[in-house]
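In what follows, structures are represented as structure tokens.
In the two assemblies presented below, chain A is common to both, partnered first by chain B and then by chain C.
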Partner chain A sequence: MSSELLVVEDLSVHFKVSTGTRTSKKVVKAVDRVSFSVGRGETLGIVGESGCGKSTTGYAIQGLVKRQSGNIRIGDRELGKGLGRDRQLLSRRVQMVFQDPTSSLNAKMTVGQILTEPLAVHNIVPPRERAERVGELLEMVGMPRSSALRFPHEFSGGQRQRIGIARALAVEPELIICDEPTAALDVSVRAQVLNLLRRLQKERGLSLIFISHDVSAVTHMADRIMVMYLGRAVEVLPRAALLNRSAHPYTQALLSAVPVPDPLVEKNRERILLRGDVPSPINPPSGCVFRTRCPIAQEICAIDVPKQRVIGKEAEGQTVACHFAEEVREGGIAALAASSLLAPSTMKETA
Partner chain B sequence: MGVTMQSPDPKTIRLMTVDQNSSTPASRARGLLVAARTSARSLDFGYYIGLLIIVAWAVIATTAYLWVPFHPTEYQDVANRLAAPSATNIFGTDELGRDVFSRVMAGAQLSLPIALLTVAIAGVVGSVIGAISGFVGGMVDELIMRVCDVILSFPAIVLALAIVAALGPNWFNVVASISLVMWPEYCRLMRSQVLSIRTNLHVTAAISVGCSPTRVFSKHVLPYGLPAIMVKATVDLGMVILITAGLSFIGVGVTPPTPEWGAMVSAAQTRIDSWWLVVFPGLAILSTVLAFNFVGDGLRDKLDPQLRGGNAKGASAKSMLQRIFLGQRKTKETPA
Partner chain C sequence: MSTVTVTSRIGLSSPEESKAVLKVSDLVVEYHTARGIAQAVNGVTFTVHAGEKLAIVGESGCGKTATLLAALRLLPSPPSKTVRGSVEVDGTDLMTLGPKALNEIRGRDISIVFQDALSAFNPVLTVGRQISEGVRQQRKLSKAAAHELAVDMLARVGVPDPDQRAKQYPHQLSGGMRQRAMIAMALAGEPKVLFADEPTTALDVTVQAQILDLVRSFKDLAIVWVSHDLGVVAGLADRVIVMYSGFVVEEGPVEDIFHSPKHPYTAALLRSIPRTDEMSGTHELVSIPGSPPDLVALPAGCPFYDRCAVRVDRCATDRPTLERVGDTQTVACWVAQAKDIAS
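Here is the complex of A and B:
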């Protein structure tokens, strides 16, 4: 068997929305034909702005939302489409860490009860040894054993997220999906939580899916990064390629928005400003979804949906969905937009 | 290409990773403080006063016939009718010359069980059906809600009246009829609670952990829905006593001469001059309702880990303020 732990093919999640009148139900393609894989012990980062479907992707893998189509394989096992049957099995192998540790922990239960629950539900540890195991879990995430007797509200945000991580670890999963685990935290404790995740991953050979809109957090964590825009994966690239070999205009624009902690560099660098807003996912643009805001959009972009294709050497594992990926990768998006080679066409205005 | 980025400097990360282990002396002291506050909180005044009143009434209810100075129904001194409170009749006498004190004490024997039983039946049945309605949804929900609508569309007293009239006037039929009228209110309340709770992140997390639907429901949805039900139940206890009074007044409730608080208050309505006829049974109702409110309030606070150990004096206005404050802070913390 291959070393891939999780293989996702053509995953689509659609939500029905009513648009006022009962008769016209529209469909939001929250996630649209996204494919990727996560190797054992690997961290895949998913970045994108809010509403791009990154969290929904995580929820769909964990079976918390129903998927429209697509296959999800964990190890050798193909997962069924329903929400029911595979749940039990799935939750032994895949666990989730949620964005807001305050609301994801049951406030009426003690930390001990919260951590015992997965052990009891899956009957992993015999009842007598559960208290001991809870203690171990707490120590694993750097909390004192005595925390088990206290309630979640008695802890700070960072500590609560540690409890959330301990809960995810309780079943000894192979994959943990972290849905913006640091978004609700103070900047001062973010690094702690990130480093904790990294340490645990190294110690236990976990695979991670790290979902975030924080590009610097993702680069800190991930081996490979998937960039999403409007429900599609626009680019998947190894971390090493992110800084200077990204091949999608959106990736480059996203990176240029990340502040650099050096005033000189910050002052002199060029920022790529995207005009307009993200189009409505109910009515996405034809062809390439990014074309309405892409500085180098051409006529072909409105007609052909760019396929996800390998760029560079196969072994580098970079795939991109852009008609002009090679040019973007070589030239950089800002320079391209300025030159006449791929000048902004009139397509944008007519869109 | 104009993009430069630096991955976080390892040194800064190490600096930021201050160990938050809470076994430092300072935090241990804080733990002790919390414990001390919790024990001070358990002196919660209202809760214990309420409990005391309820226990007192329970004792009175069970033993009243053994020690009251006059027999509540058989003793009638028509010559001494409508006498104001005095040394012999400390609560005065009614229009048949019966001793009001004896009747109020003996009345507890009927009023308390009726109120408790009615609220218990309506509360449990209503909450269970409402919870199913909210959790299952779909056609089941639709069906249950329409049944509730039908019952709620009648004025409570009229429907209860019709049911008791059909079943025959005795105290158990009063209980049955009022619970039948009341359960849809609990059903509605519980359903709305469940609907909002089931979308909470902690419920999603429980599903993600692998909990079965039954476990999710009993461990993660129900505990969040119960406080509202408890508050409503304590308020309803008084309501039930008054509805019973209404039924008794019309003549389908507790039949005279059986002493019952509501019936006594109703009968006194025509005799405004004799204030003691309405005041003493009224006070009995008031004290019971207040006591249950106190206990309900205290119990809810005690069941809520976020309030437990929160404030030393345990004044309920203070805890309410704290709740409001906590609520506001929570919404602020929720990221967009």
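Here is the complex of A and C:
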């Protein structure tokens, strides 16, 4: 599809880690055969619990970690596999906004200098127009022009995050990857940054990848959502499908676990509780990585790795990696677990 | 079966008659800093009834932790100073107790769990040992009986293989399991009141859901649960206190606080959070401009004045006191109080 800005196919990123006691090295499949795409002007949310591979996915797109396998295409450019390949192209077309606005801004530079740097490096505007451009960038993120003369520490966390966003905007990128951009911010300030990102995205037709473990923030921001678990993209689906057409047991359980700020909703909702914690990524379960916590896991789940496949009509843009995706989408995980059709098998007890 | 009777409060029976088990009155805490005196807790007052779940919500730095720790006299002094206030547990004021009596009451009548379980445990003692040591002193049990009780407690909070887990060290447990073990330790002495300082904030959301489910099952235990997460509060609390820069600005039953917030801060806070149900993505989030006041130089009037969308002149000069607004809520806001009288 020509409207896709970013296409990621079968992406894997592995890390070698030492397991402590011996010198033996183990491999962590931080990202394992993940495929997704981001359309022009679209926001893709990546959500999942700690360590599931969200940040690594973002780094891989930026060429900051080495790919084990997989292809990444931006527009019609295929990105090289090596570390740091295509740096110039990437830093012009793709920008990142990080969690901690304090450490990602150089404390010794004024905000004006911070924003001028990318303009100069990429020669975006001629030198005499740069000061004016800095002012425009600040206004874009709702900061007074006079901020250019001040230093990062003179601003609050939310303001610093807006400066980080202005810096990302400076090179006029096509895609911005935001990795937990509001995690360090207080509740009342979080909304400023979320609103700003949404507005910029609409006004400028930007593509966004919004990475967060905060399911509510992701569902608020994203047109489509990729749910990750232990390095796998267990499901990719349009936001509209999240509430009642999700097809992966983990997606349904995750959504059910997110508290809703409404006591009446909370009182009456059906909850799907998963057992235990996420298993160690060093020693992931065989077959489906989710099976040790899945309420409907069957024998086949321990044997066959479910592939990420299209469910429903191709155009709906939903992919899922579960052997029983059709049943899950149709019946809902809570009902299935209670029925005899997909009653819990004994497999998972032994994991 | 254990020979010791393990806490009946963790059973499933209904809440007792509404007897006040905890009364905190006019608690004032300050920190002495290089910049001056930071007024962290400014006259916090609340009552908790048997079996009641009270949530304290508010943003980072509003004094939630300081309130809990000061009430248990666990705040290090200096730099902090608990200037005044009383904390009555079943009629006994903790503020007047000597160290020995204070120690006895903590754990037995009132205990606390934290966000970071690892720091609550001693890293070089097994989990079972730590739970049994505490309870042995409180309840004068034999070593064997205390150990049995510890294992029993671990089982009750849903730790699988409690026998095995009791022999492990804190760092050997997963995050969720460690949090359960800390809750087991806090409840082993059968306290009437449990303080909880964001015990699920560091957990993954599916693990948080398990812990919340466990806590909801403690029907007869009075809990003061501190959180900045309004979703968690909505699912757990009977009553809610909203704090802002060390002041209680609103209090009321959970449904009323969420469905008809009276204080401008509470109302704005509720509209600033995205949600996942059918409301998701439909509303523009409200952002509250500015930031809370410096605790070293609190304004003379309402602490929310700078950021308030409905302020009037009086708010700049007179500090609003907590007054009843409507049938069930108390609110510290001149405008909300005036509206109530007018209606």
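A few notes on this one:
Criterion: the second predicted complex is superposed on the first by the 345 of 351 C-alpha atoms of A that agree within 3 Å, B and C clash if a C-alpha of one lies under 4 Å from a C-alpha of the other, contacts with A are read in each partner's own complex, and residues count from 1 in each chain.
What we mean here is this: contacts are C-beta pairs under 8 Å (C-beta built on N, C-alpha and C of every residue); 3 or more make two chains touch, one makes a residue touch a chain.
Please read all numbers here as calculations on a predicted model, not as lab measurements.
Contact with both chain B and chain C is seen for A:188 once the two complexes are overlaid on the shared chain. Of the two partner chains placed around the shared chain by superposition, chain B and chain C are both touched by A:255. Of the two partner chains placed around the shared chain by superposition, chain C is the only one that A:213 touches, whereas chain B remains out of contact. Ranking chain B and chain C by residues of chain A touched puts B first. With both structures placed on the common chain, the touch criterion links A:265 to chain B and to chain C.
Within the superposed three-chain model, A:236 lies out of touch with both chain B and chain C [touch as defined at top]. Applying the stated contact rule after C-alpha superposition, one finds that A:171 touches chain B and leaves chain C untouched.
Of the two partner chains placed by the overlay, only chain C lies in contact with A:49; chain B stays clear of it.
By the touch criterion defined above, A:34 reaches neither chain B nor chain C. Residue contacts after overlaying the shared chain place A:156 against chain B and chain C alike. On chain A, the patch touched by chain B and the patch touched by chain C overlap at residues 50, 156, 158, 188-192, 195, 215-216, 219-220, 242-243, 255-256, 258, 260-262, 265, 271.
Those residues of chain A lying in contact with chain B across their complex are 50, 62, 64, 87-88, 90-92, 95-96, 98-100, 102-110, 117-118, 121-122, 142-144, 146-147, 151, 153-154, 156-159, 164, 167, 171, 183-184, 188-192, 195, 215-216, 219-220, 242-244, 246, 252, 255-256, 258, 260-262, 265, 269-272, 331-335.
Residues 59-60, 160, 174-177, 204-210, 212-213, 228-235, 237, 254-255, 258-259, 268-270, 272-278, 280-281, 284-288, 291 of chain C are the ones touching chain A in the complex. Of all residues in chain A, only 49-50, 156, 158, 186-192, 194-195, 213, 215-217, 219-221, 239, 242-243, 253-267, 271, 273-278, 293 touch chain C in the complex they form. Chain B contributes residues 1-8, 12-13, 16-23, 34, 200-202, 204-212, 215, 219-220, 223-224, 303-306, 330, 333-336 to its touches with chain A in the complex.
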